[in-house]
Every structure is written in C-alpha cells, then in structure tokens.
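Several structures are given next for inspection.
Consider the two complexes below, in which chain A is the common component and chain B and chain C are the respective partners.
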Partner chain A sequence: MENRNPKAFLYLLPAVVFLGVFLVYPLFDVFVYSFEEGYNFASQTYRGIGLYNYRYVLRDPYFLQALKNTLLLVFITVPFSTGLALLLSVALHSIPRLRELFQTIFFLPYVTNTLAVGLVFMILFSRTPYSDGLMNLLLSFAGLGPVDFIEGPYAAKMFVLSFYTIWIVLPFKILILTSALAGVDEQLYRAARIDGTSRARIFFRITLPMISPIIFYLVITGFIGAFKAYSDAVALFGINLNAAGMNTIVGYVYDMLYGDSGGFPSYASAAAILLFIIVLTITVINLLAGKRHVHYH
Partner chain B sequence: MEQTAAGKKTVGERILRVLTVTLLVFWAILVLFPFYWMILTSFKGYGAYNAEYIPKFYTLSPTWENYLEAFTAVPLARYFLNTLIFTVITTAVMLAVITLAAFAFARLSFPGKDLLFLLFLSLMMIPNELVVITNFVTITDWGLRNSFPGLILPSVTSVFYIYLLKENFEQVPDNLYYAAKVDGTSDLKYLFRVLCPICRPTLVTVTILKVIECWNSYVWPRLITDDADYFLVSNGIQEIRENGFGRENIPAMMAAVVVISLPLIVLFLVFRKKIMAGVARGGLKG
Partner chain C sequence: MHPRGEYATNVFMKVIFDHVTKRFPGRGKNRHNEVIAVDDFAFEIPDGKLIGLLGPSGCGKSTALNLICGLLKPTQGRILFGEEDVTDIPPERRGVGMVFQNYALYPHLSVEQNIIFPLQNLKGKERLSRDEMLEKAREVAALVQIDQLMERRPSELSGGQQQRVAIARALVKLPRVLLLDEPLSNLDARLRLQTREEIRRIQTKTGVTTIFVTHDQEEAMSISDLIVVMKDGKVQQIGRPQEVYDDPSNLFVAQFLGTPPINVFQGRISENRLFIGEEAVLSWSPDSKETPAVTLSQEGGPSPDPENAMPVTVAIRPEGFVVDADGPLSCRLNAVEVMGRDVSVVCEHPALTSAPQIRAVIDADEQPDRSAETVRFSLKPHKVLLFDAESGERLSTGW
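Coming up: the complex of A and B.
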C-alpha cells in the first residue's frame, strides 16, 4: 500500500468532530442526565445521583399509557405488515406484465411526507358536525353506525394509527421482499415443477426458506422501527398526544424534553434509555428465535 | 413461458390468478385513494365542501381558490423556502464531510485506521432517540435555537453513507491512483477529478436519499424551532392543522398538503429506478 499520510486526519476531521459532538458525547451524556435527580434546566444544577428519574417515569400514567400504546402498535403492525408485504410481493412476482406499474404505485407512500398525508387520513376517518366522513359512509353501507376514529373510542383510534403505520411501512418491505424473490434461483423452481410439486409446496419448501433471512431482517428492523413510532400519531391526533391518550414512548420523550409539560431532560433521558432497553431486549429475543427458524445458505 | 403455460391452465390456476390481480388492484386503490382524495378536496370550494354531508367523489366546479388561500393566509412559501435551504445546505455539507472521510478510509493509510473504522461502524447502532436529548440541550446552550445552523448541524454526517461510499471508492483500481500520483496530482484533486466522477451513481443515490430524509424531517425541527419563520414544511403543516386558517378550512389544508407532497412525488417519478435501487441497498425509514 502507501506510506503513512499525516493528512489523512485532516480528511477525517470534519466527520470526527460532528460525530463526536452530536453522537458520541450525547450517548454518554444521556446516561448522566438520567441519573441526575432534580435537574434544573435553567440553572443546570441537580440535587443528587440516583434512580429517581426512572422511578418517576415508570410511575407516570402518561408513560404507562405511551408504553401500552407502543406495545399494542408494535404487536399489531409488525406481523400484519410483514405478512401483507409477503402476500403482495408474491402476488407481484407472479404477474410479470404489470409488475413495474404496481411496484411504482406501491412505493409511493415511501416518498410522501408523513405529516402531510397523515392529515388526509385524519380527514378520511374523522367525524365532524358537518359530515360523518368518508370512512363512516363506507361503514354505513355495511350497516355499521358512525364511529369517530380520531376523537372517539380507543380501539377505533388504535385501528387508524395501525392502519396508517402499515400504509407507511409497507413500501419498504415490499421493495425488499420483491428483490429477494427475484433473487431465488429459477433452476430450483424448474426442477420442482418437473417433479410435479404443487404450488403451495413449492412456496413453503423452496421460496419461503430461501427468503427467510430477508423476512427475518424485516421483522427485526420492523420491531425497531415500530417501537420508535411518533410522527404518524402526531399527524393523526395532533401535537398533544397525552390529551388524546395516543402518545408513544418516543412522543413521551419529546414531550418531557420540550412541549407543554417540557423542560425535563432527566425524565426524557430515563424514558429514552428505558425504550432502548426494551428495543434491545426484543432484538436479542428475535435474534435467538431467528437462529432456530431461519435458513442461511 | 407465459404463452406456453396459458394453453393448459387449470381452473384452479385461473382462480388463483384472478385472486392475485384482485389483491394487487385492491392495495393499489388503498395506496392511491388518499392522494386522489387530497387532490379532489383541494379543488372543492370551501362552501361546497362544507355543504357535503355525504362526501362526493367528484367535483363539478373545481376552483383554484384554495391554493391561493394556502399561499396567502399562511406563510406556505416561507415554509417551502426554509425547507429548500435546509435540504440543500444539509445535503451539500454532508456530501463534503462523508466524501472526505470515505476517501481517508478507502485510500489513505494512517495508524489505527482499522480500529477507527470499526468504531465508526459501531456508531451506526446508536438510535437517534437516545442522542437527541443532549443535542437539544447543546444547540440551546449555543443559542442556535430558531436558526439554520441549529437545524442543520446535527444531521450533516452519516456513518452509513461513509461506509457505502468507502466500499465504492475501494472498487476503483489502485493503478488510477498511482498514475495520478506520478503525474503529480494532489490527493484532493484526485478525489474530486477522478474518484467522485467514477463513483457518481453512489453519490447520486446518497443525495436522493438524504433529500427525501430532509424534506420529511419533523422531529428535530419541531424541537429546535418555535418561531414560524424557521418552520420546515412538516412543522408548517402541523401548524396549519393546529391553528389553521382561522377557521376549519379543510380544502385549503388539502391544497397545502398537495403543494408539500408534490416535489418529492415528482422527484420519485423522475428518478424512480435510482430511488428504489438506493432504498433497497440500505435506505431505512425513520
């Protein structure tokens, strides 16, 4: 190779400075904050060191509500979106003619502004004094009564949030799965067809095992992404998510930091670390489960 | 293959095909419908819209008044301009930072290089939610709230893009570098005159992904700005939603949503293949 180059550090300097100030230092600092009790933002002083912030957060009804919402959202949307993406990708794969058109349409939600399109969903689902809204019009065809999905019962609100989340995350999953399906060796299919293997058997014995590492990857990233849900909820229910009862853990962190109840970086830090611990635990469980069920080749 | 198979299709296969197409069309409608609805509503008059107790799927008297209202009643043009400035500067600075770093890792040698690169890679695992708290305090302490530097500075580096670019730089044959050295070309000149043009596809991919990210960013701008003069489009739309047009003016809101969504959709339709390939290569949402 080439001899030592002292200038190399100059090339790295900007990256190192930015990463140091905005990524490495904050990582340590967030732990420090989380243990500083009674931190005052204005005077930047604190009373003592301990676990009080964690105890406070874990007892805060808003945090518990956010935790419940996030967990529900995660366990509804991850299996549902992964399954639906798989179904749609397999369908896409079997239709060569219109595949590109459908792929383009299916990808659209990825390039839309979450906040902006969330507003459209809000209008489609909401019920105002002037109108029951489009969703309720459809429901009335099925003989079901009007429901306010935005300010009404919890289950209805959870349904809209899950639906919008799935709508938003599906493009990425479909894209990854269709390229995985295209990557499966045609020879395998041809051999199976010659043997007269049924479609269902081909799918479960060849396709699924071949793309299982990709599905596994999507499940893991899906869990991580869903635990960080926030903007979708804001788009649907407005900034004051605590009042709507639809806050998420990330939303709780931001509200603690800044917002109507804001100014508490210590509580925010403790909540962020709790979130990180939950995500880490789920990811480790996923990895362990994956070891048993995923076929690497 | 299609044609040969078509002759001996069984009834079961036909049914399966119909189901497949139905499923695809059904989801396509679900994806497209919100876009249709926002465009449709944006052309309905304020009075006409509010008179519809049962929503109509068409309008017979389309009007531009909502677009006029969106640009005059709220500072939509300002939000737009802010987002444009934010996106251009963030992307440009980031490209410079990651290109220099990727070049150092790919081409230069210095003590501790492998260890430093490993450290860089491990930074990819740090979730943004964990560092945003301190960054908020840092930017506030520096007095950079409600300013472009405050908006831009924390997002001008990406470890993942450095990694992507470094991999690409390393694929360029060594000979080119040595030839350039013999000609007396400096490292910097080699980087910008030879390496960057060769690796343009990767640079374009990174640029597009970053532009999408910037255009949609909401959380950081929301934390760091409360002065509407510095709102980006996402915060602008939220502001319109909360405080609106003085009255609940849904058609005007939808006009604003259309205006905000349009640039990215146009970008997507123009660079469709590049964007999808780029996202498949490692774009992560959120």
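Coming up: the complex of A and C.
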C-alpha cells in the first residue's frame, strides 16, 4: 500500500458520498438539533442553545424506563444468546450426520418476519378471557400459577421480551459459529487427542481461542443490535410501549418524533445522541477487552 | 538431564502389524465400493530405527500411520508395541508422538506453550511442576535447536522452524514411537535436504523408533534404516534402502525407486539369451548358475525362435548402461545432458515401454560421440532386472 494511487479515491467516492450524505451528515445534524431548544419543524426555528434537551430527557421517567429496559435487555440477551449459540453450535458440530437438518431448523427463525414471530409469541404467552395461553398451560403442569406475560408484572414482560430477542438473534449466531467451528483445522484436534488433551481443555484452550475473533464479532454486533431494539417490543406489546412500561431507547426516540407525544425533535435528538454515546462507550470497552482475549491469526 | 539420558531408561518399541486390514465404507455414489486402505499388513518395524513408509498417494501409508497412532482402528488384525497389544488402546495412552503434515501447531500459543501443551495434559502423579515442564521444554527445544525462539508465535516462524517445533512437541512426552506424516512436503527444496538430515540426527540422538510417511522415494532412501514400499494398500517390499533398490521384488518397486527412473523394455528369453527387441543383450550358461552373464557383442547370434521365446519385462537402471562401440543394444541418440560428474545420455529404443526415451547415466569421461546418430551400449548384468511380463513379479536370474 506504499504507492497511493489517486484512482483509488475515485473508486471510493460513490461510497464516501452516500455514507456522508445519509450517515455522517444526519449524525452531525442530530448532534446540532440536540442542543437547539424547542426546535420546530414547521417554522425551522428554535428558542435557544444549551443542554436543556439533555436535562429534560434524563429526567423524563419514560426515558429512564426505556433506558432501564434497554440495558436489561442488552445485558441479559447478548451473553445468553451468544453462550447458547456457542453451545448449540458445538453440539451441532459434533453430530456430523444430522448437522445439515438441524442447521436448517435452527436457521428458520432468521428468515421469518419478526412481527410474525412476535405475534406467535404473543399468542403463546398472552392470556385471554377464554384461555391462559399455552405457556401458562405448561406452567400449570408444573403446578405454577397463571402469569400474565403480556400485561402482567414487569419481570414477566421482561422475560418474554428477552426470550423473544434471544430466539430472534440465535439463528444468525449459530450460522456464524458453526462455520467458524468448521474452519478450525481438524489436525489441531487430532494433535490434541494424541497428546491426551481432555475434551474440556480442547474446548477452552483450542476451540475457543481459535474462534475468538468470531465470538468477539458476535458480541460487538450483538450489543449494538440489542441497544437498537424496538420492533421486538412493538411486536409483543403493541405500539403504546410507554403505557406497557416496555419502551426502549429507540422506541422513545420514535415516540418523541411521531408518537402521541410526538413533535419534539430536540428531545428525540438528545435521546439519540445519548444512545450513541452509550453504544460507543460499550463498543470501546469491548474493543479494549478484546485486545487481550482475542487471537487473530 | 539430557534427553538421551531419559530415553535410555525408556523402552523403545518395535511396532508389529499382525495381519492388519483397514476398510473404509464407500460414500455417496461409491457407497457400495468399500475402500481397502490397508490390506493384510503383516510385518515388524524394529525398535530404535528410522523407518520410511513409502508409496504413491492413495497407497494407504497415511492410514498405516494413523493406525499406529490410534486415530484409526483396524477393521481386522492387531497392532502391537513390543509385547503390548495396543489395538484397543486410545491414542493418548499409546505413548506416541506425532508430527502432522501441516505441523498442527496451535497458532495462538507461543513456541514454549506449544511444546509444554502435552505435558500440561498429564494428571495425578505424572503431573510435573511448571518449572519442570519448562525445563523439559528447554531440553527438547535445544535438541531440535529452536531454544532461541521460545517466545515466538508459530506464524512468526519459517516452515523449517515450525517443523522443529512440531517435532519438539511430539518428543517432549518421551514417546515410545515418533510418527511423522509427510514431514518434508511443505518445505522448499533446500530446506528439505537440511531437514531430512535433521530428522536423521534427532532420531540418532534420541534413539526413538521413528516412522515417517513419504511419497518421495529419494527422501525415504536417503535417511531411512528401513523402507516399506506400499501400493494400493499392500506392502510390496520391506528392506534396507540399498537392498530394495538393488533387488526389487516386483516391477512396481523397481520403477518407484531411483532417479532417473529405471528403463523398462519388452524382452524375450530364448536359449539362455536375453533379447531386447531383436538384439540379444545378455547370455548365460545353462549349467552353472555361478557364471555371471556376459554381455554379447553386436553379432549376438540369431534372432529368437518365436515359438520357444518367453516374453519378459526387462528393466535396466540408468547406471547399468556402458557406452561400448561393440555393445549389443543400439539406440537412437537424442541428447547428451551434462550434469557435471555424470552425463545423461538420452536416446530411444523401439522396445522401450516405460517412457518415450531412455535415460542412461554415464561417467562424464565415457560420454559418447554427440554427433553420432546412434549410440551402442553394453549392459552391466547386475543392473538388468527381469520381471514376469504379465504379473510384474521379479524373475530370479543366475546373475
């Protein structure tokens, strides 16, 4: 890469232009909006400049609820889904015969519309005047009493949302991990076997380090994806998420722009910038942690 | 303690194949054709020697290696290390060290961590302290001369250095048998020469029974105490390299060994004379087996009687030709290639079947007239081998 060809920049230009117009500029614009107090779309005017928007958003109980929901969702689903995907992938990898069948089955949720899956989840978990739902039927077999997962206690709702999110993200992770596992040189395992390495040690000292870049990739994209959760909550709890107490940060931004309480682009911008800062921080922490534990070869 | 010292207390193992057969079930389209990778192997590999399993690809030599180390189980037969039947013993308890074709070093571990990896697997009484492990790692690293590279990652090493690390890792547990799968195939030509001497040196120094697999006959011949020539899952011949070269049991072995390869002709035997084409090249006395064959001169006598002649396959080593103006074998001269000490005479003969041209290696002082159209050779009888024209089995001759 020593000689810099000016042509290279020419080839990069279309991508740079589109990224600039549709990603960098809006981000910058949102950043500006977030400091403009009482911005009005129609008149394109604002009252003043300052941190008021941030102060408002950070004191808004709906935002705090959304923040709590999002953080809980992120820190429950990312480790759990990645761990579960790893477990399933290793299991899949060790059954060569039915691997393809199971891979297909595990991948099906990925190609299914999230709202449709949400609907199915709702039917499984919700109570109606006529029935307690399939989940409650299962719970009743275990002698546990009906729980209203959709309109009941917060923990139950959070459980359903996490369950649903894990269900949705699992196929992609399994797909990526199974191919990562298949990419590990078989001879390494043979060498380890001849040296009498226990299965646990093979997994922790060989398999995990060998696929660590992929796990790392899944964790980072998993965090970012979970922070941007919105449609999942809508699919389960309907569009009035604030009333259900299950809003997310992205949902809050949307509501501020277009919802019943909409028409507040400044608040929406401040919330979006706060989300950006949180995601950036977490990603930087991930990257720093990754430097010590991820082996690139 | 020097590794040799520890090895001296270790019992080296001879490896015995007791009628071992390994079949693989067919797959896909060939579902019904099972593959017999190793067919009734029955031989003994003596202890403390360097043995080369040699054969073209697909001959079952890697399967044989995997059977020894236990990664594969034989379909039939037993494998013994000395007196001990190891057929049903898993690889980790056989006490074998294995060097894989692509070395199979753990890329995320340093050289030192790679070498101590097998030691860290030991449990209970066998478990060493960390200092003892490092000490052992240092010893074998010094043995294979990589002690300066202990902190490096495999990706920072050359192919030859990686090879040495793999050998060190295989040796650190003091295996009873050391196995090497195509140890030189990933190295460039110069490194290959150097590394094969290195393998010889390490084997001599440790004394461990070492078995390596190769498709390169030169490699196997140059360093092995004993070579096992294989083809299509069957052992063709076992012996010291020189023996196998001088006295191959069949045409395949004769053709597989030697560079340049042996020259094969259609021939006939009639009335105690050997004919190549219409030329009688050797004759011998019917009564005395002791009498060495003599090469005939140009006027070797009448052509063979087609009724009584017995067809044979005649194979002549490149060094079996002698440029001789009165020699019986007349060939069309194509080229004389100078190789320094020797010259290679490239010529044609109608009865030649192995290649388009004969290659004869002649001492540089005796090279033929390059401008001549034909060159005549007489033959060194002990370099002329006869084989059954149909089966390719070696025919015993009086010489």
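By our rule, the second predicted complex is superposed on the first by the 274 of 297 C-alpha atoms of A that agree within 3 Å, B and C clash if a C-alpha of one lies under 4 Å from a C-alpha of the other, contacts with A are read in each partner's own complex, and residues count from 1 in each chain.
The rule is short, and it goes like this: contacts are C-beta pairs under 8 Å (C-beta built on N, C-alpha and C of every residue); 3 or more make two chains touch, one makes a residue touch a chain.
Since the structure is predicted, the reported quantities are computational estimates derived from the model, not experimental observations.
On the shared subunit chain A, the superposed partners chain B and chain C are arranged side by side without overlap. Partner contacting the larger number of chain A residues, of chain B and chain C: B. In the superposed pair of complexes, A:Tyr33 makes contact with chain B only, with no contact to chain C. In the superposition on chain A, contact of A:Phe75 is made with neither chain B nor chain C.
Applying the stated contact rule after C-alpha superposition, one finds that A:Phe203 touches neither chain B nor chain C. Centres of mass aside, this uses C-alpha centres: at chain A, the angle toward chain B and chain C in the superposed model is 80 degrees, to the nearest 10. Legend: residue contacts after superposition of the two complexes on their common chain; A:Tyr154 is shown touching neither chain B nor chain C. In the superposition on chain A, A:Tyr254 makes contact with chain B only, not with chain C. After superposing the two complexes on chain A, the closest approach between C-alpha atoms of chain B and chain C comes to 6 Å. Shared contact residues of chain A, touching chain B in one structure and chain C in the other, are absent. In the complex of the two chains, the chain A residues touching chain B come out as 1-9, 11-12, 14-15, 18-19, 21-27, 29-30, 33, 41, 87-88, 91-92, 94-98, 102-117, 119-124, 128, 130-134, 137, 167-169, 172, 175-176, 179, 199, 221, 224-225, 228, 230-231, 234-235, 238-239, 250, 253-254, 257-258, 265, 268-269, 272-273, 275-276, 279.
Residues 69-71, 91-93, 96-98, 100-102, 104, 106-108, 117-118, 120-122, 155, 169, 173 of chain C are the ones touching chain A in the complex. Across the complex, chain A is touched by residues 2, 16-17, 20-21, 23-24, 27-28, 30-32, 34-35, 37-38, 41, 50, 52-55, 96-98, 100-101, 103-105, 107-111, 113, 116, 120, 123, 126-127, 129-138, 153-154, 156-157, 159, 162, 187, 212, 215-216, 218-219, 222-223, 233-234, 237-238, 241-242, 248, 250, 253-254, 256-257, 260-261, 264-265, 267-269, 272, 275-276, 279-280, 283-286 of chain B. Within the complex formed with chain C, the residues of chain A that make contact are 185, 187-188, 190-198, 201, 205-206, 209-210, 212, 295, 297.
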